[in-house]
Every structure is written in structure tokens, then in C-alpha cells.
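Below: the structure, in C-alpha cells.
In this document, chain identifiers A, B, C and D correspond to the written order of the chains, with residue numbering beginning at 1 in each.
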Amino acid sequence: MATKGFTPVQYEALPGPRLGIGVLGYGFMGKVHSNAYLKIPYSFSQPAAYPDLIAICGRDEAKVADLAARMRYKGYYTDWKQMLKDPDIHILDNCTPDDMHRAPSIAAAQAGKHVICEKPLAMTVRDAAAMLEAVTKAGVKHMTCFNYRFIPAVRLARNLLERGAIGQLYHFRGRYLQEPGHDPAALMEAVWYTSGTRSGILLGIGCHIIDMARFLMGEIVAVGGMVCTWNKERRNRAGQVEPTPADEANVAVVEFANGAIGTLESSGVATGHKNQHTWEINGSKGSIYWDLEDPNHLYVYTEEMLAADLRGFASVSVTTSAHPLQVIYLPPGHNVGWEYGHLHALHHFLDCVANDKSVAPYGATFEDGYRVQVIMDTLVRSSRTGRKLTLTY
Amino acid sequence: MATKGFTPVQYEALPGPRLGIGVLGYGFMGKVHSNAYLKIPYSFSQPAAYPDLIAICGRDEAKVADLAARMRYKGYYTDWKQMLKDPDIHILDNCTPDDMHRAPSIAAAQAGKHVICEKPLAMTVRDAAAMLEAVTKAGVKHMTCFNYRFIPAVRLARNLLERGAIGQLYHFRGRYLQEPGHDPAALMEAVWYTSGTRSGILLGIGCHIIDMARFLMGEIVAVGGMVCTWNKERRNRAGQVEPTPADEANVAVVEFANGAIGTLESSGVATGHKNQHTWEINGSKGSIYWDLEDPNHLYVYTEEMLAADLRGFASVSVTTSAHPLQVIYLPPGHNVGWEYGHLHALHHFLDCVANDKSVAPYGATFEDGYRVQVIMDTLVRSSRTGRKLTLTY
Amino acid sequence: MATKGFTPVQYEALPGPRLGIGVLGYGFMGKVHSNAYLKIPYSFSQPAAYPDLIAICGRDEAKVADLAARMRYKGYYTDWKQMLKDPDIHILDNCTPDDMHRAPSIAAAQAGKHVICEKPLAMTVRDAAAMLEAVTKAGVKHMTCFNYRFIPAVRLARNLLERGAIGQLYHFRGRYLQEPGHDPAALMEAVWYTSGTRSGILLGIGCHIIDMARFLMGEIVAVGGMVCTWNKERRNRAGQVEPTPADEANVAVVEFANGAIGTLESSGVATGHKNQHTWEINGSKGSIYWDLEDPNHLYVYTEEMLAADLRGFASVSVTTSAHPLQVIYLPPGHNVGWEYGHLHALHHFLDCVANDKSVAPYGATFEDGYRVQVIMDTLVRSSRTGRKLTLTY
Amino acid sequence: MATKGFTPVQYEALPGPRLGIGVLGYGFMGKVHSNAYLKIPYSFSQPAAYPDLIAICGRDEAKVADLAARMRYKGYYTDWKQMLKDPDIHILDNCTPDDMHRAPSIAAAQAGKHVICEKPLAMTVRDAAAMLEAVTKAGVKHMTCFNYRFIPAVRLARNLLERGAIGQLYHFRGRYLQEPGHDPAALMEAVWYTSGTRSGILLGIGCHIIDMARFLMGEIVAVGGMVCTWNKERRNRAGQVEPTPADEANVAVVEFANGAIGTLESSGVATGHKNQHTWEINGSKGSIYWDLEDPNHLYVYTEEMLAADLRGFASVSVTTSAHPLQVIYLPPGHNVGWEYGHLHALHHFLDCVANDKSVAPYGATFEDGYRVQVIMDTLVRSSRTGRKLTLTY
């Protein structure tokens, strides 16, 4: 590299605060989080901190080594307990399957690491409570990675609610619909929510719409609903028939602390819907809705500014300098992808750690993750008893 | 009229079966039904019967006389009991406010008239039961005028369900949203559902989405939900504060006899929604949805016929000769208006009377009206008790 | 009819101005116009005049007699020259095929009748000029029935333009797309624009989008474009191959007197489009667009009233009391059908005749019809010469 | 880094082909291309080659050094002539403003580098021809970076056309609309197309829709149209009035070699449109359309597979394993952003270089860039002469 005129640079030499990252898990979520860390340095005029990608951890050494190199980590671990001892790591980012959220998150907190954990926070309320207790006791920053809070259109919605543009809130209606299990002949392995952790639809995607409801509307105080499984068994790749281990769909009515009411729904058998995460809010002065399949637009109806003959739901492209959560290099109308929720969520967490800011209310804390867990648990009990239940957190 | 070449004609001399119509009520619904009767003769190549517009009945003589002449009735009555004695009238079409449905409908049946009654069938289950008993006992044809069953796109949906194109049914989600009461400052008189009959939103528009659910999915066997009023009092035109007499919104989860689950909702405070009546169905082989604010299209997702890379929800313009419920003079893409539901509903009833056909399953009978009433009543009880309730019809 | 309590009424006895109507032609347009006349009396709180449906005229006596009775005409003619002598008829409404527009319209004017003529005004500029000259000389009211001017959303657009809400106009882009000829195997008779009058797409539907352009943007001063036919011959029902007599599609660029530019297009081979008539306008302060397949909404973007983060194209349901061209009995969100353009157009003409008002600018006069004809003719010449041509009216 | 269990990795040590990249320009496009190179290694199960980010080049040393470090380049240059001497660089990726495309691209080819150049290829036909000649003579791979060819939905469209699903092609209608100059009071510097390179709208974004037309429909053989500027001068930041240096909008009609016709349009004053790049194609068997503001869906109408009552434009989410240009870690319905066009375009070029494949037909070569330049130039001449002109390439 003695070419004339060439000046070498080093990422590690950039001025500004730095935070060492250890990512646990190299599956879908491990890749998505790593991608976000790689993009943070050039997506903001001055990032809150430069993430140092110290290590990624996974049990299959060949796979984790390969991904670590492709995503420009310094190295990898195959044992998360070892990784938690690494002094260069300030943040443990837990991207494991749902049933592995508890132990590493608690151990990380105990090791003094700040902790990010993928959603749902845990498989049970008990686990979630233990995790919340651990991070609280350790005094570390903590975030449940509810990424949709950081989609620009969702943040704009929150801003509108905060500034009173929607008025008194009456209604929330939310749903998260996917389709992998719609065909009774689909193999067990092809239906993500029945394999691996056995989380099911409520834990798997229902948690997202519950988080959206709480983020936008405030606390849920009662829930009544049903959890369902139609295809009670499926054939697996080996040709054997297995019982379906978890729910395929759920529906609920809810009451909010502010007096509003809502419907919540999630499904893994909603044929035709690849990934429809959508909600609508109606208030006394306006309404807003959003759909993840059209993520860069917020649909807004407001009465105050417009003549009576011009009112209608406006399709607002949340991509201009007037909007929240923009990145520096994309002009108006240059739509961002699904990954940007994680980009902004993780950058927010870096900001909270680097500048000792509160993760709440824009980020979901472990407290939020715990409360979502309580709501899911209560919905399941409501389904068993046929009663609407008051929530106790 | 002795002009050369002029040949006079008479509507009354057209060959074909004829049925005498007496319409009770000259408000919104009286006009809409009368409009449908005027259009029937030229909307079909051969109408099932020519309606003779014998009389319309209302208490304000000046108003009813004026409308009767404008809508080409032969005459009018100001007392419905008198009208029921008119031997030229074969069908009593009851377009009165909800709290007047019972008496004239029962009297008409007792007088041997076939009876059409606007929705909801009654204000209470007891009234609905009495009305059902009366028409059954009298052996007359009867229809609750659930007009949306006769929107072409809704009938196409029913056809697709009947021919199995959607497969096993999993989900129904329906809502009917309007906005007249969204502003707490709106006067009592401006909020239709709180004035006059005091029906409220559930009776006023909630009945429609319940009927859609039953028409498309089959019987509902359990319901759990809530009925709400936020603006508990409003100022009236005289400047006095009055208590709001009825519900502003409601939400529910339901179970169907076929094992599917659903959410139902109606609201009169859904800011921005002029008249959004919408539902979606997901089944193992496909999905369909429809929205009254885009009434001429049915959105259809089916898997069987299309290559995997071509599947998506298709916006089907239900306006061609391949589609149900077309009128003879409108070419493809020449959209019909909201009024066409009533056009086809009333033509269907004429066909049932003239040709002794069954009003069910495409038309809603008083039995259907009664069952919808039971569901609404049960939802109100569920709201009071916080329990999901099994339906007993 | 001696039934007690029955009071007979007569449409003919209603107080208020009256105008006698003679409709020429009982096909698609004859039915649509007749339907409008039947609805006018009860669609407005006080119609400008009550139309007396004196006679409809057609050559097939059985068919015209049947339709006349169904649509409540007093009688019929089989010879339009006889009908024009009828002193009860004040308005000749010419609903014939395009190649019959000239003679009856001129004769009607000479007979002192006010004249409505369906679009396009004529088959040639020469015929249109003769028709314009005749009505001008006779001093009668005249209207080319460009019905889309009277769709409520289109009128709202015009209102917004008039009040300057869109600012200086830059762009118009309009198209009218249908599909009947898209399949090369479609029979000659199934492709409407090739049968009967041989009008072709430009005359048949292209005239509409040209009228929209002029109505909304002002005069067109230059046009350059192409007229095309791909399927140069088709098989007819008898199995013979015939040459296609007219164009299948056309495209053009235009300049407006106000300095704006535009594209215009119409097609009869636009597979999948049943009836997409759509245009968009961009100005310095806002933009608007409309689509006939979603006729009750106008999409509006305006900058002046809204905060920068709330701007977007709003879907305005043009169905409330704040909007133009509403009928008395339809509440907000109760969408009107395609037929309402004719309802309002014909009511406007009755108003102009009864109250000696100007048909322009909201209605299209024969002058407008003539100018559209000149533009179409010039577009055909542009296609032949490959030059953009300045218009001379 | 002696932590137990930690294994270091190096991106540079990954097995597989590698290609050294030198990016020229660190503005919007420099960042977008660099982002793509960073994502390629983990977006494909096995990338065609691993890009080595050798250097980025720009004149402002502080800025280029900062960005180079943030985007993990090994170093930077401030003189592109020096960079072209770097033996580690195999590909020169020219992301400079339009008026700097020529010289470095030609020099790179002469230095034996493969060359990617941003669109439009040049400011003039003469420059484009020289660039095409240089790469041809040098025998290097070359690509004009028309990124939209590599949006998955656009590629699906191309696939459908190739397999004949749309039949004989009749119509193309394309437009690219933005709004920065719509307000006459906007400052000169705020209107991107008038500052810097003075490219104007036709060169700046019109080239994209011309490329889309050629990519999907085949060669354009004639063009007639207009190029416009309404706001002929603007105030600059210093408060002085300057003449507007380039066009604000253009419209055209075109003929394709296959007999189809089309309209093309681009504008920088289309108020409300942040970035609407959209086209529609109608053929004898089907139609397709796409809109960059909803980039993950292709709208498809096909007749062959569906019953007549189920046909409609389907909204196809081009995000499943059945679709082209997917990345390994995103499940169905997890929408990609605008940046993915560049990701796939640059990966395609790496594949062509590493495996000596042809850049055409999926990538645009310099030949394509040259032909687009000829079309733009001819459109400008057509605007001056008022004639439709035959294209000579």
C-alpha cells in the first residue's frame, strides 16, 4: 500500500465516543442487528457513539466465524459466558431464540454490561420479571428490541399524539398478520412459529402489536380474548405427524388507562398477508393509521387546519427533513426498508448508554417487555376462562 | 296529445307480474326504497315483477304528498293502519325509525301483506321475536333489509365462499365506522344515533357488520365485548345539556359455528371515516376483503390458479357480465352507487313473492333479523358482565 | 281506489317550472339520460324544473314502446322528425350513435327546441361547426353532454382551481383506458369502438379526457401525437375477416394557453382497465388527481394550511354537505354511482333553460363540443405529419 | 485481545474471489454505493465476489477521510488520477456529479479498470460516445448505474415480459416526478437540478424513465415532445436573481421498435411528489405497473390463469423466495428500501467481472447509457423543432 497519494484510515481511529458490542446469535436477528451497527457510523452526521463490533457469538463455529468476517467483527465466541467476560464489550445484544433470552441477559447485567434483548422479552412472565429485576439491580441500561417504535412513520404518529393533534383517544385497532401456516399441508418446519422455541404467534408477533398499542395509546388495563389453533397437528420433514406446539392466532378486546378501547389480533394463518402489521387510532380531533407493508407512509386525518371540503386521510411520505428519524444521505421519497427500525433503535440505545439518557419512553425497556409479557399471559388466561381480565403488572 | 306519430304508453300496461307496494316512512330510507322501485323496471332485462307504487305513508301530509308526487306514487296515506287496508298493496315496506318497526310490521303480516322491514329488525329481542312470530304465523314473505348483502362485490364474496375458493375459514374481521359524534362539541341533534329513536351505534350500524359476518361466515356461537360512551352528555340546539341516550361504539370478539374467530366493531366517533363498512376473511386457500368506501371492488387473494410469483390481493372490479347482480345498461367499470344494494334487495324480494321463492339465504329474513338482535343483546350483556357469552337463539 | 285515507297525487301537478323532454335513442345513453330525468325530481330539495318525460324515440317500435313504459314516458315516436314537431317538447336530448348527432340536433334547433347532444358532438369538425352554427343562429340553449364535468369530485377540483388553491398550473396528465379490444381474437362486434358508428377510441372516449383537460386547465393551444391501430383486422360473428375501421389508441402532448403542458391518452386495448378515466394536475401550490374507478374521492395535496410533517395527498370523500353537487337524501360516505354525472348535467341544463342561465362554464356547450372536435382532428393530422400543430378554432 | 475464547477474524481472509473497489465521489451517490459494497458480503449466501473497499476519492480531504473511515475503506485519495494508478483497484466506480463523468471514466478504462458510472452517462451525446468508445477499446466491463433495473419488482416485471405473460405490447406510460422547484420562491440552491452540474430534470431523472422504457419494452425508434422551464429565474442565497440554467420538466410521446407507443415524462415541479417513479405496460394478455413510492409491490393483471370473475390488478409483494433479487436474511414481507437497487446492481457488476459475464441485458452498459443520451438529446431537438424525430444511434 505504498501507492502515491493514498492515505490509510482506520474506523477505530475516528474521534468520538465508542461502545463495544457483543452480539449473541447469528440468525435472522443477529444479521439484522449487525447490519444496523455497520450502518450507524455513516447514517448520522454525528452518531451518538461509534459501535465497535467486538464479537458475535454462536455455537456453530464455522458459521459464526464466516458471518463474523463478512460483517466485519473483530472476532467471535462460541460460548456466551466467555463473551460476557470480554472487557471490550459494553453492550450485550441478545439476538437468540425466545427461549434463550433469559440466562444470557441476566448474566450480562450481572457482569455490568448494558443489555439489549430481542422481543418477546421472555417465554413467561416469571422469566421476564427475573430479567427486569436483574437489569434494575445491576443499574445497567436495558432495552427490549421492539423495533417498530423506531420506524419513522410510527415515531411521527407518536409525535402527533404527544402534541395533541389527535385529541382525546377513542379507538385503537391493531393486527399483525402473516401466513406461513395457512395451508394445513404445510410442513411443521415451514411454519416458523411452531418450530424451535415453540413460541407461537402470540409470543412471536402478537407482542409487537401489544407494544405498539402501549407505545401509542398508553397502558392497557383490561383484556379479553381468545387464542386459537386450527391445525392441531402437522407432518414434519421426516413424514411423521406431530402435535402443533403453539397457537396459530389470537384476537382480543382491550381497555386502555385513558378510557379508549381497542381490538388486537395476530395470526400466522392469514393467507395472502406476508407481513401486515397495521394499526389505526381514532381520536376526537383526528385519526392516524399505518401499515408495515407500506412502511414509509403515515395516513393522517386532522380537522383543525383544513377547510371542510379538503379533509381526508393524507398519505404522508415520512421521508423529508421535517420528519423524525431520517438518515443523512437519503433525499425525500427515497424509501427506507424494514431494517431501519433496528438501525434507529440500536442507535438510540447507543445514545442512552453514551450520554446516560433514559431508554424510555421512545425505546422499550425491560419494564415494557415485562408488561407486554403480562398482557400476553393474561390474554391466554382470558381465553381459558372466557372472562375479560383486569391487568396487574 | 294528438301529435302525429306519438303513441302513448302506460307503465301499468306493461305485460308481466305486478306487485303493489306500500312504503311506510318518507325519510332517508323511504326515499332510497322508492328510488329502487322506480329503477327496477328498467334495470333488468325482465324484472321479476313490476312494482306498482301504490302509496307512501307519513304523518306530515304536506311532506308526504310532495314526495309521493315526485316519486310517482299513485297516492299517499297519513295513517299506516289505513294503508294496510288497501287491497292494492301486496307488500308493506317498513322504512320507519327503529322504534316504530314492530307494530306496523306485525299488523301488516296479520293483514296478509308480505313485509319488508328496515334494519335493525327491532329495538329489543322481545320485539324482534314477536315480529318473527307474526310473519311466520301469517305465512307471508318477510325480509329484514340488510342491503349490503346485495352489493355485487359482497355477493361475489359469498359465491367464492360457496364454491370453496377460500377453503377452511379461519378469520373474520369486520367494522363499520362513522364519525358524526367524534367532536365532543357536536350538538346532540347532529349525532344521529343519539337522537330520535335512541338506537345508538350498535343498533344503528353495528347490526350491519353482524349481518355481514353471519351472511359470509355462518352462525355466530359466542360473543365477548364492550359497548362504550365517552361523551356522556351533549348540548342540544336549545343550549341545554342532555345525557347521551345510547352507545357511541362497541368492540367484540366472536366465535363462529365453523370454528373461525373474528372481531367486530362499530363506531360513531371514528374521526375521518364517513362510512367505512369493511370486512376481511382469511381461509386456508385464500382471503377476501371489501370496503364500502370502495364498493365496486372485491379484493381477492387465491392460491390455486396462480404461479407463486404472481400471487397478491387482486382488485376485482365487480362490474362485468361475469359478475353477479349486474343491471342491463351499465358497461364494465361504470360503477354503481350505494343505492344499488337496495335496488337488488328489493328486486330479490319481488322475485320471492312473485315466484314463491325463499328469501333466504341471499336475502335476510326476519329470522336473520331476530338473530342479529340476539347477538347485539348478548354483546351488551357481555359488556356488563365482562364474560364471553354463548349465544342462544 | 276508493280506499279510505288514500289521497291520490300526480307528478304532473307538482308546483314549479316544468320542461318537456324528448329523448332520441333508447340504447345505453337513452336509458342513462332517462334514469337521470326520473331521479331529478326527488334528488334536490327544489329541482330547477320538473322534467316532463313526453316521449322517447327509436326505430324499433317494440323496443322503444317497452322502454318508454318502463321509464314512465307518456309515449314514444319512431320518427324523430315527427317528435320535433311535438309542441310539448322543449328540449331535444340526442342520445343517438355518434354518426346521427348532426341532423336531429340541427333540426331541433331550427324547430326552436333547446338541444342536448351526446359526446362527441359529431364525427367531423365540419359537422360540429354546422351544429354549433345552427344552435347559435336559433338562439336555443345547447349542451354537449360531457357528463364527467358533473361528477362531484371533478367539480370540487374545478372549485379548487378557481379559488387558486393549486397556484400556477404546470402539468396535466390525463388518460381514458378501456380494454374491449385487447385480445386480438376478440370478435369485431365485441369491440364497441369498431362497430356501428366506426367512431374509434379517440372519438369514443378520447373526447372525454380532452374535455376534462379544457374544463380544468383552460384552452389547449398546440397538440402533437399519434393515433394507432395494432389489430388491423378482426373476425366478425359470421366468421369473416374485416378491416378494423378505426383507431385503437392514441397519445399526445399538449400545450395550454396558460403555459402548462400535458399528456393525453386514450385506449381501447389497455388490458385490465375496465374504465379508467383519470387525470392529475400539478401547480405551484398543490396537486390534485382523480380516477373514475374511485369516483367519489378527489386526491388533494395542498401546502398552505398544513405543517410540513403532515403534508400528503389526501383522499377526500366528496360526499358531505361541504361539497358541491350533493343530492338531498344521501348522507356522507354513501357513494354515488357513475350515473350521477348525467343526473347533475341534465339538471344543470334544466336550470339553464328554466332560468335563462348560461350553460357555460360548468356545462359544455356546442362551442366546447366543437373545440374538442377540432383538437381530435388536429391530433389525427399531427399523427400523419409527425408535427406538433397549433390549434385554430 | 487475549480474552479467553475469543477468535479473531478478518474480512480480508474470507475465501472466495475478491475485487478491489475505488469509489470516486463521497456525496449522495458515493455513500449509497459504499453502503451497497458493505452489505454485499452478508446479503447473499455466496457473493459473486467480496468487494475490497480500497479507497474513496474526493477533493475535500477532511470530509473524504472522515467518510472513508466511517465506511471502512482502507484509505482515500484526493486526486482521482492518483487513484487510477492504484494496482489494488480493479473497478472504478464513478459517483461524481454529471459533468465529471467523462474524464475519469475514460482514464479508468485506459488504465485497464472496469468502470461503473452513475447516470446519466454524460452531459452530451458526444461525451457519452467517447466514453463508450473508451471502454469498448479497452475491453473492460462497463455499467451505467441505472439502479432501478435491480429493484426486485422491476426485475419481476422484466421476467414476466420475457416469459410472454403480458403478450404483444401495446402501451408504455412512464413518469418520474419530484417537487423541489415547485415553489417559485424556492431558492436556486434548494432546487437540485439547477445547481452544480446544471443537468436539469431531463438529464437528472428523465434518464431513468427512458432507461426503464428501453429495459422493459425494447428500443425506442422515435420521439416527439417538449422540454419546459416556467421559473426562468430564481433568487439565490446571496439574494441575487439568477437565470435558471436547465429544464424543469419534459413530456414526450415515443414509438418502440416492437410497434408499441408510449408517453414519457419527468418533472421537478410536481408538487406533492417526493419521488414518484412509475410506469405501466399494457399488452394483449396482461398489464403491469410499478411505483417507486411503493417499491416492493408489482401490480399485475393477467388473464390466462384466472376465472373471469376473479381478474383484477394484483398487488404482488415481491419479497418471497419465489421472487428475483432477494437477500438471504429478509423473510417475506420485510420490505427492502430504495438502496437495494444499488446493492443488486453493484453485486451484478462484481459477478460480471469475477465470472466474465455480460453486463447486459440486466445491467445497463455504457452502450445503454449512450443510447439514453441520444434519446434525451433528440427529445430536446424535438422540442425545438416541433417535430417527432426518428432516432439514430
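Just so we're on the same page, a residue touches a chain if its C-beta (ideal position, glycine included) is under 8 Å from a C-beta of that chain, and two chains touch if they have at least 3 such contacts.
Worth saying up front: this structure is predicted, and the values here are computed from it rather than measured.
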**OP:** Name whichever of A-C and B-C has more C-beta pairs touching across its two chains.
**Re:** B-C
**OP:** If you line up contacts by residue number, which pair in C-D, B-D or A-D shares over half of them with A-B? Let me know.
**Re:** C-D
Subject >> Whole-Å gap between the CA centroids of subunit A and subunit C >> reply: 53
**OP:** Determine the centre-to-centre distance between subunit C and subunit D, using the mean Cα coordinates as centres, and give it in whole Å.
**Re:** 43
Original post:
Taking each chain's centre as the mean position of its Cα atoms, how many Å separate subunit B from subunit C?
Top reply: 32
Subject >> Multi-chain contact sites of subunit A, meaning residues that touch two or more partners >> reply: 273, 301, 311-313, 317, 320
Original post:
Contact residues on subunit A for subunit C in the complex?
Top reply: 156, 159-160, 165, 297, 299-302, 305-318, 320, 322-323
Subject >> subunit C contact footprint on subunit D (complex, rising order) >> reply: 167-168, 170-171, 173, 175, 177, 182-184, 224-226, 228, 230, 248-249, 251-253, 255, 259, 261-263, 265, 267, 269-273, 282-287, 301, 303, 311-313, 386-388
Original post:
Can you list the residues on subunit B that touch subunit C in the complex?
Top reply: 1, 3-11, 13-14, 28, 31-32, 34-35, 38-39, 41-42, 55, 65-79, 82-83, 85-88, 178, 273-276, 292-296, 317, 319-320, 329-340
